[in-house]
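Going by the order they are written in, the chains are A, B, C, D, E, F, G, H, I, J, K and L; count residues from 1 in each one.
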Amino acid sequence: MVPNTVIQILVIHGPNLNLLGTRDPSVYGTTTLDDINQELMRRGKERGAVVSFVQSNIEGELVNAIQGAAASYQALLINPGGYSHTSVAIRDALDACALPAVECHLSNIHAREEFRATSLTAAMCIGLISGFGAESYYLGLDAALAHVEGLRSQ
Amino acid sequence: MVPNTVIQILVIHGPNLNLLGTRDPSVYGTTTLDDINQELMRRGKERGAVVSFVQSNIEGELVNAIQGAAASYQALLINPGGYSHTSVAIRDALDACALPAVECHLSNIHAREEFRATSLTAAMCIGLISGFGAESYYLGLDAALAHVEGLRSQ
Amino acid sequence: MVPNTVIQILVIHGPNLNLLGTRDPSVYGTTTLDDINQELMRRGKERGAVVSFVQSNIEGELVNAIQGAAASYQALLINPGGYSHTSVAIRDALDACALPAVECHLSNIHAREEFRATSLTAAMCIGLISGFGAESYYLGLDAALAHVEGLRSQ
Amino acid sequence: MVPNTVIQILVIHGPNLNLLGTRDPSVYGTTTLDDINQELMRRGKERGAVVSFVQSNIEGELVNAIQGAAASYQALLINPGGYSHTSVAIRDALDACALPAVECHLSNIHAREEFRATSLTAAMCIGLISGFGAESYYLGLDAALAHVEGLRSQ
Amino acid sequence: MVPNTVIQILVIHGPNLNLLGTRDPSVYGTTTLDDINQELMRRGKERGAVVSFVQSNIEGELVNAIQGAAASYQALLINPGGYSHTSVAIRDALDACALPAVECHLSNIHAREEFRATSLTAAMCIGLISGFGAESYYLGLDAALAHVEGLRSQ
Amino acid sequence: MVPNTVIQILVIHGPNLNLLGTRDPSVYGTTTLDDINQELMRRGKERGAVVSFVQSNIEGELVNAIQGAAASYQALLINPGGYSHTSVAIRDALDACALPAVECHLSNIHAREEFRATSLTAAMCIGLISGFGAESYYLGLDAALAHVEGLRSQ
Amino acid sequence: MVPNTVIQILVIHGPNLNLLGTRDPSVYGTTTLDDINQELMRRGKERGAVVSFVQSNIEGELVNAIQGAAASYQALLINPGGYSHTSVAIRDALDACALPAVECHLSNIHAREEFRATSLTAAMCIGLISGFGAESYYLGLDAALAHVEGLRSQ
Amino acid sequence: MVPNTVIQILVIHGPNLNLLGTRDPSVYGTTTLDDINQELMRRGKERGAVVSFVQSNIEGELVNAIQGAAASYQALLINPGGYSHTSVAIRDALDACALPAVECHLSNIHAREEFRATSLTAAMCIGLISGFGAESYYLGLDAALAHVEGLRSQ
Amino acid sequence: MVPNTVIQILVIHGPNLNLLGTRDPSVYGTTTLDDINQELMRRGKERGAVVSFVQSNIEGELVNAIQGAAASYQALLINPGGYSHTSVAIRDALDACALPAVECHLSNIHAREEFRATSLTAAMCIGLISGFGAESYYLGLDAALAHVEGLRSQ
Amino acid sequence: MVPNTVIQILVIHGPNLNLLGTRDPSVYGTTTLDDINQELMRRGKERGAVVSFVQSNIEGELVNAIQGAAASYQALLINPGGYSHTSVAIRDALDACALPAVECHLSNIHAREEFRATSLTAAMCIGLISGFGAESYYLGLDAALAHVEGLRSQ
Amino acid sequence: MVPNTVIQILVIHGPNLNLLGTRDPSVYGTTTLDDINQELMRRGKERGAVVSFVQSNIEGELVNAIQGAAASYQALLINPGGYSHTSVAIRDALDACALPAVECHLSNIHAREEFRATSLTAAMCIGLISGFGAESYYLGLDAALAHVEGLRSQ
Amino acid sequence: MVPNTVIQILVIHGPNLNLLGTRDPSVYGTTTLDDINQELMRRGKERGAVVSFVQSNIEGELVNAIQGAAASYQALLINPGGYSHTSVAIRDALDACALPAVECHLSNIHAREEFRATSLTAAMCIGLISGFGAESYYLGLDAALAHVEGLRSQ
């Protein structure tokens, strides 16, 4: 068992999530991405974790972020947005990266268009949380922390 | 805004979940269903909620449980197991039932056989949590409570 | 030609139909299942037929009901609900059972989700009536009686 | 509630139905189309309705008939025959036409070749009746009349 | 090598098999389920095995039977009937259950309707025997006994 | 055996065949439809057959032609053109019509676009001849005559 | 370069377009077909073109119109309506016809039912304009005129 | 134009055709392969052609026969039997071989099992004749001779 | 009705469009992207509109451009190039963005490879113009302007 | 009832089965083909049957073997190996051949790659036994003998 | 590490490759198979390897060649031609055979007909080289030698 | 024939290839991307070629690299990684670019997940080399050089 240093979590927001709070509120709610980030930091702090953030609309920058995380983080919390359904490159990056990842989505991907019901990226994550609005992120943080703590206590 | 009475949550366990802790631990872990139920009760109690349970291997009994819940509960937490992928009847029961429901799965349904990647029932739930072992239930309870509290505070 | 004794019809209601009148009225109307049963009995009586009823949410109990009907009934009127689209077992029971059957649905199965447009069970029935609300049952009773009377007059 | 004038129903027979009574009787029975029309008129008269008829083998003439019906009729009873499975044009005409329509088929379209199990046109009708031979038309007339009377009594 | 005690085999009959001998004999033959059970017991006895039986039309009861068998039996002989093609729950029960299982079918599932050619459950069995009428059960018993004896002689 | 009266053959040309000789000659050759008709008449005459013709671009008129042929002809030679691949109505007309029919195509339908490789209508004909340009009609006439003569000599 | 005589354009309206202005205005707008024709003539006149019109609900009459246009017109503007998605015969007629054609649709065929997203006929046209209501026709006229003028100026 | 020497035609019979006359006569007729060969020779002789034969049940021997034919023959008449639907190797051999080929089938491949409706090999032939029993071969010989004569008269 | 200020249109060019005029001219013509931009500006100016431009080969930069347009523009004219067929992210950006958009393509996407016939992005636009080379942009500008003017005159 | 002469069974081994005992033992076991043949002969002898063998890697030679068996054998036991999933020619040979056949496979074809789950040949056999290693052959011999004895005792 | 004896490579040419140099040169070039074999021998010699060859048009003979190679060779270079796309038997032979294999194709199988884009056999090889004409063989030899040398140097 | 100047080759590495040597070595080996680049330069130098490199995780930057190569290079060696299977934009860039390209992959794309077996980009390359680890690049360089030298010697 390694000594219990501070847990570092990287939250990766995919395309269009920078618009959060301005986009159709009946689907995505009114909270902004910054609100979510603040709340994630606050909750992380309570549990002894530092939460960092990156957002990009560019598929390859998300790949870069995943690749770069291995050195400094213990887990990823990722919302790949529209790239979930088409990106083999992000899937490969998650596979190559040694970190456990949790995928989250604001909306319920099984209750929208059919092309959203498949997730190429989720197969490379521990699990998926989808449909709870901003709460999906908070539950995802809990899942990631529980997973890291579980590894430590082994 | 209605007065804040105790929240009642019904947890519905589908087929084969009674075997939990005996089935292939590399996929499902070693926790028993009773362990999970105890933990859910404990966590519910902390947040002022009473958590009840039903388990059945029979599709139609799950339909019965969903129908019967409307009178006494504010939300459902359901793991439909193998019926998630084939049951129009459970889907219809969730649709007919006025309660918000959260679907959870122990294993990551997007990382197993292809026929598990589709969920007929999830489209009738608020959202889906899948892949975190017993933790999927605890995150699901949080999601259900957050949802009910959200409705109350409106 | 056999002597014209009283015709016995068994009406089999599938999953969730016990909720009738409480479920989304824009799709299914406000009539209860008991209202429909009363009206079916009244109409049967007018034409010299006795109409009996069974409802179950459990697929295998519907199989049991179909199997058990052969001894005492001349025809079946069945609304298999969500099992229409998935149940090979009910299809086989209808096939094994010597009785003519009429399948009916409250809503128009061709105007809803795509997975409702296929009926495994209808291929084992004389025909299908779908989309007329409670009227689907009454038309179905007429169809069943006309069929039985047609057989008798041969 | 509008005054109860006579109900006008247009029955539209699609391709090959003019052959009725000559075509393979094991599938379609021996009744001719004129027999059916006579019986429909007789039954309509009993319930205070006038029933008119049109038959064509030509897809576009069926479109014309549907379009032209709006001015003089309260409902349509249509057997689109083979065009049910392929005609977007008839589907569009039914959609554009303000009249409630009932689709009927002599044979059970779910128990024949697979390409007959889909109906493009049924989605634009109130409902579908299929498999009862000439009786499908009589049940269809009942369904159409019940629907129109239901609208009037609102 | 464990001592050679009596071998216990559980035979699980799925939906509609209780009708055996009454259902379409051109497909399934005239033998009753009891005839088969008697013959299986007789054959088992000859080879030092006790054969027990359960039949149910209810999917979840078959799941229960499979789960309950682990404590007292060394192998299963199962004919899941129509549930073979649709039941993820029975598949999961066979997977969770520690016992070797042999799947058998009276008719040749590759020579009937296309939806019968796939078996979800067979992938969790040692193998499949299909098409030999009642003989399928007797061959299946031989296969199960040969398998258990093979394990013992290792 | 019936007396050998003159054989009457109806040749039915489908959509766009009136353009023959003007349309892309690399696919269809330079012969006109009238050239083909003359040659068919000449060849028919040599074998004691009268050959008649109808051409229409309208699906329903082809249905009419097929229906009307039963009274006066012993066989049909039909090139349904583009309707081969989509017309359930022509298929049904060929099925209802008591006459043997031969389907022919100028071009090889298996060597063009994928949607031309399926023929709904060919399944209701004795056989298919495709790919030999105008020769497809002459071979088709031979096939039709051989078939009728074969029936007569029984 | 040929001398610049008057350009002749034939506009071909497919099934149900005669209803324009009466059909569901939220999808198709309130303009009538005659309004569109008047506007097309006015716009054609401004650019030295004569615009003529034909409308039919009958697939084969559209084939006839396309075939007949070659002698007198320099280009076609066609809205095949529901036949776009199913008609091999119209596709073949456009292919056989020597004239450049522009396909237009009032509604956006990529934003409606899935069976409308494929166009068999568009592959035989220069291009497709879809989704702009009556404006689709005016843009289509511009496209056709630009194409013809481009050919002339070569 | 080359001098009119004797035309050499090779007829290639695929798998199971050696059984002709013994196999199910309701599908294939009672004529033996030798009967067909005799008749083909007789008909060839009448038109100044020598007809030779090869039969094999082995896919690769059919490939060999096609390859070897180029030196001595002007055309092929081939019935690839069951290999029509699966053999890329025979397709490639027909493609590589410089000779025109006619594919024929005794039964109507569009009126049997669905896997027989596709022909990989027909796309590499001039055309296809299917459904006329032994007559398919005689029509095929006519088609091949007409094609060769057509090439010579150019 | 708001005051008629200058209309601002943003034209978004997707991947490979910077190569215009150098790429295969038989498919895309010889005009350069700058030529098109100049012409669009000139035409915009004539109708009181200012037209701006952005081109990128990077999917996420197109997402950025769409997001950033909402503040300063009244409409978008977008050619998403190859991303039309695969980008859920651009589709979501168009959906989130409050601006009306017109999609245009130089080549006819229905007359090329099958994977180009589907457009994920077009469903989030008013409509689609495809196949007219550079003219597709000019028609698209007209369509966008007509739409904005139509909104203003309401 | 014919006199009870010795039963002759032909066992046909398909491609790669000659390698048995050398190929991956975790899938196929260590028994050689000769071991199996010896055991089949021994078991046959016990039940008054003579068992003969043929093995070939060549599809057409298997066709030959099936065709040639009709004269001297009462039943076939066939393991078509990889050809089960692709050979229409072997299917046709089994169909043409008057002998009852039993198909067997060493491994469970429903638990391996998806392309092994379909069997073209099994539809022409009495039934299928798959998954029991060498035991599949012995069970298959029992099934074949039981079938032949059943025919004799009629 | 074993002593470095001479490396033995078997090159297996599938159907129609004996025609090389005579078949369509725009696809396959003008080099003959013997040219390729000579060059492969020369190149092998330079690297201390002996290269042998076998060609057959018969699927089962290719299976034989693969099976027989295990005793004398260290690697296979195989061009299965048309059998790549359909042969489960060759796939199984490659799987059973202990030798590393390299698959090569003269033409680019991803740029031709769709049925050539799948390779059943490639999954049982180290890798695939396709599209470089005769060079595909030389690159394949290099790949095979590099692989064998890599194994030796471990 | 142009004078033999130095050959310039651009090697384009797609997403995640910068991780080479750190990612799962059982699939991709332990060589780093820099190791491969060094070796490619060394090998190029031996054959009188200069080899340059670019790597990006961003789809559009790969498009940029391909576009920019036309001015300075004679050939491309590209490993599009995960974009091979989804990128129409890279496919279009390769098509627009005048340079011959060779596609290579470290792992065998036909022996992994099904979504990797299709390559949109390979159809725009001369050929594909897949499965040989770093050797795939060296073989690819040979293939590219052989192709360029072949063009020069014409």
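Note that a residue touches a chain if its C-beta (ideal position, glycine included) is under 8 Å from a C-beta of that chain, and two chains touch if they have at least 3 such contacts.
Quick caveat, the model's predicted, so the values are computed rather than measured.
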Treat touching chains as neighbours and tell me the shortest step distance from chain D to chain E. 2
Give the chain pair, either E-J or H-K, that is connected by more C-beta contacts. E-J
Would you mind pulling out the distance in Å between where the CA atoms of chain C average out and where those of chain E do? 32
Chain centres from averaged Cα atoms put chain H and chain I apart, in whole Å, by 55
Distance-wise, how many Å sit between the C-alpha centres of chain D and chain K, to the nearest whole number? 64
Compute the distance, rounded to whole Å, between the mean C-alpha positions of chain B and chain J. 49
When you check chain E against every other chain, which residues touch at least two of them? 58-61, 86
Those chain pairs meeting the touch criterion are A-B, A-I, A-L, B-C, B-E, C-D, C-E, D-F, D-G, E-J, F-G, F-H, G-I, H-J, H-K, I-L, J-K, K-L
Residues of chain I defined as touching chain L within the complex: 14-16, 18-19, 22-24, 56-61, 81-83, 85-86, 115-116
Across the complex, what residues on chain L touch chain K? 108-111, 117-119, 122-132, 135-136, 139, 142-143, 146-147
In the complex, go through chain J and note every residue touching chain H. 58-61, 63-64, 67, 86-93, 95-96, 120
